[in-house]
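Following are the structures in question.
Each of the next two complexes has subunit A plus one other chain: subunit B in the first, subunit C in the second.
After this line comes the complex of A and B, so read on.
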């Protein structure tokens, strides 16, 4: 508070004003269309505007037409978390324990699916496994794409916590008390990296629900996730339905985003930023 | 020791297997496929020799550079403001600026339509003010707005984090020695932020190069590289060319990210 007051009184007002203007303008640019699409989704006729009245009919229609995409997105996201946990947490443990050249290389390789555009990953998967009819037609094909794309986030999130705790001492202590490896893993290691697992899981769910570039290449008319359905609606339905469907997406994604921000607020923010943003596969 | 090593190998095996089977192998496969089409190995040089692909490359790079520069400037200013001032609602403002982090490209395309489409906010405002409806969503302006939309939230977080580490006393010292605001910015603030600018700028550039969903939703006539790849694959069934272009695009984004990490690391070490 005092800094603000000081600046207003003594500081170079123009510079302050300019900074404030840019910040607010950026904020309006990012938030205004979100609010508009929410409004459009509950307006009877958006062309006429609010005076045509508010309605839930578009949301009802979205539920009628695209319910399946919501179920599939949740199914893929939750399975994706389970898979990335089962294969990602042990991988992070190995990367934390061994700092050899080989494990460095593995760490670099695992991140590749987020360093190249999702379109390329999707194309590669479809050209390699597209011939396997059953696999191609099932939701597992989409799951594979999502696991590739989210695994680095889970591994990094858990690894970040593992490198801040003294893993070796903890393990040696438990081992000297006669704990087997399995007991050490589930009784000592996992509880100590809970925060990393939680942050990683939240990120995996969020990214999976929002994934489009890979999924668009991999989907079939019977395996559509929410972003695929959204692309379909934007291209072929009236604006109000597209907006209502976008509201559904917001309702699912925004609580996850807020939860992620709350967690990252308690931890070192820089690290979260790194894990949240590294990579080119997103948009 | 042996038992220990075996255990580690066993623990990383599932992740390694998934990665090799579903990413590495398919990538190698399309890399080979790219060289075995009608053009042969020349498919890989088509991006510079073929007019259509080269034009797409040039416009994608130009767009990505422009977006990166604009994003770094806007996020730098807003980040500085948010890092330096404490006021009620600051947390909310930061949260709003990072809200689109989890939006997929398609949704961002739709946000641009909401702003600059035929029933968009900016059209409504310009109609009201000047009697002229401005529609830019489906032009290069729309792509620029969309890419800016997904870039600002990423860069701004890095900027705030970097600026919070920057000691205001350094700026005070420069100012008391007679440096004007631009000198302080040029000689103190920007050098201190260099690692953050390089790394977040590279992420912004690489994301823009590979962006597909936004361009797909806006369905512009401007051919950005990912759209060209998609069109070649889906409509022309030109699998070899699509594969070669994907590999080229992947190598570009990977190199940019890798280079930036090296540079940012080096200048962070130099600064620290």
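After this line comes the complex of A and C, so read on.
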């Protein structure tokens, strides 16, 4: 018995080794599919395997066949950021300023498109606006879905920063010095919530580029975004093409994710340097 | 010393200014008050007494209920928002702009007024030296100590030569020692600038040392307006007496021109049989030897040696504890029998 107990009491080194092993195993488990997918995208024939040789022909084919989806995705994502900025920042401002029951309700309602399955949102949009032919067939229809879905992320991101900086007092401070609303907005409010706006914008671009559920419902054969195109290739093309398409997607989305990580890392809490108060008092 | 920023002091008049918030809370009962040009008036009271609301009404951050008017000199400013009132305001949390350096913060008021850059720079360096901030000009706000931030906030408010300076608990966020030294600095500054100042605090020591007049407030009403001396020596009611300094209370029934309490008899000018309350300050009483003829007798409950004086807490003399101060070197111990002699002319009838 005692020998078993001794054996079970791991030394710190052994424990570290175990933790490292578990972590690495988890990483491999999660990263392997990504690598496999990338590999499949550049393999001449996936069923023969790497022996068949590496090639960029699949990527070229994707570019040939699905270039439009990339353009459209970028177009939708950038317009979506512009729209969410124009609607979301003022909305966050109003929510931060007014703590009434109505604004609380609006804040909750904003989140609904995230909670409700995208397919349902898409269906609701089609039921309501599907009759407007021109609109239904244009990319703007997809844009509406994306704005609905991404707006809460923009609002939340900006609102979070606004509540930590005590927006009301800052604005009152600026007003007491004679600043008009415009001067307060561009001189004090926006510069101080810049990190929230930036983080929100990146989040919106990323989500918009990756959005599938709503877009799937709203797209037409002429308005396909990358994720919809991906589904299309998986369903009807060679596996290699689908995988090559995935590579294109990664190339677009990973820099955005890294940028987002860097911004959230830079948003440091206000730090108070310990310049002795006693020293200040002596002066 | 650079030229003082504000030399055309203006008077303030609140005319029937009440404030009811949207949820129906009455923050301030209609108040009429005149602040003389160049005067420093302190609003003093516990939290929720309406003092900050009053300040915000003067600032233009809140509008008074219908019928109320705010005047700056001969101008009715009731309808003007804060940015058009030309006031200087220091907030409890300072409200400094984290996206700007010390110098940029101070320059902000001139920048929004579109003052030319050379003029602005000159005024900023003037304010920096007035507030002893020269070496911090390019620092970020989060690199400053509390005391330095406070002085940046003052400099930023004063640079625009405001008609009125408004200070909302400016020292509350600081530790006691720093508070003391900044209080002296603010006092010097206000005397020098002769600017009309409204100062809000819950700290009676601040109020007493800075205010030309003090407005003591209680639950949205003015409890008393007066000079620090008037308020200390002649508190209008029990609330003021208790809020400012320490007030000993004797509660009992009047018999034969004397108020009878547990520890003795004290002269009191009231009809026989009436329940009355008298108050006196610790410094208006003396501890005398037990054999001598004091007014009250009691037992020492606690002793606090403060260096220059000893604070003695006496029980058994009245319903509650009585605080007296002794400046002699006589040692006291808990349980000592003592007698307290009162300076009878200082006894206050509390209402």
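Just so it is clear, the second predicted complex is superposed on the first by the 240 of 283 C-alpha atoms of A that agree within 3 Å, B and C clash if a C-alpha of one lies under 4 Å from a C-alpha of the other, contacts with A are read in each partner's own complex, and residues count from 1 in each chain.
By our rule, a contact is a pair of C-beta atoms (placed from the backbone, for glycine too) under 8 Å apart; a residue touches a chain by one contact, two chains touch by 3 or more.
None of the values given here were measured: they were computed from a predicted structure.
In the superposed model, A:236 lies in contact with neither subunit B nor subunit C. Within the superposed three-chain model, A:179 lies in touch with subunit C and out of touch with subunit B [touch as defined at top]. Put simply, more of the residues of subunit A are touched by B, taking subunit B and subunit C as the two choices.
Using the contact criterion defined above for the overlaid structures, shared-chain residue A:253 touches subunit B, although it does not reach subunit C.
Of the two partner chains, subunit B is the only one that A:112 touches; subunit C does not reach it.
By the document's definition of touching, of the two partners only subunit B reaches A:34; subunit C does not.
In the superposition on the C-alpha atoms of chain A, the part of subunit A touched by subunit B in one complex and by subunit C in the other spans residues 270, 273, 276-281, 283. On the side of subunit B, the complex with subunit A involves touching residues 7-8, 11-12, 14-16, 18-19, 22-27, 29-30, 33, 74-75, 77-78, 80-82, 84-88, 93, 95-115, 119, 121, 147-150, 152-154, 156-158, 161, 181, 200, 203, 206-214, 216-217, 219, 226, 229-230, 233, 239, 242-243, 246-247, 249-250, 253-254, 257-258.
Across the complex, subunit A meets subunit C through its residues 165-166, 169-170, 172-180, 183, 187-188, 191-192, 194, 270-281, 283. Those residues of subunit A whose C-beta lies close enough to touch subunit B in the complex are 1-4, 7, 12, 15, 18-20, 22-23, 26-27, 29-34, 36-37, 40, 46-47, 86-88, 90-91, 93-95, 97-98, 103, 106, 109-110, 112-113, 115-121, 123-125, 127-129, 144, 147-148, 151, 155, 181, 206-207, 210-213, 216, 227, 230-231, 234-235, 239, 242-243, 246, 249, 253-254, 256-258, 261, 269-270, 273, 276-283.
Of all residues in subunit C, those touching subunit A in their complex are 59, 61, 81-84, 86-89, 91, 93-99, 108-109, 111-113, 132, 142-148, 156-157, 160, 166, 174-175, 177-178, 181-182.
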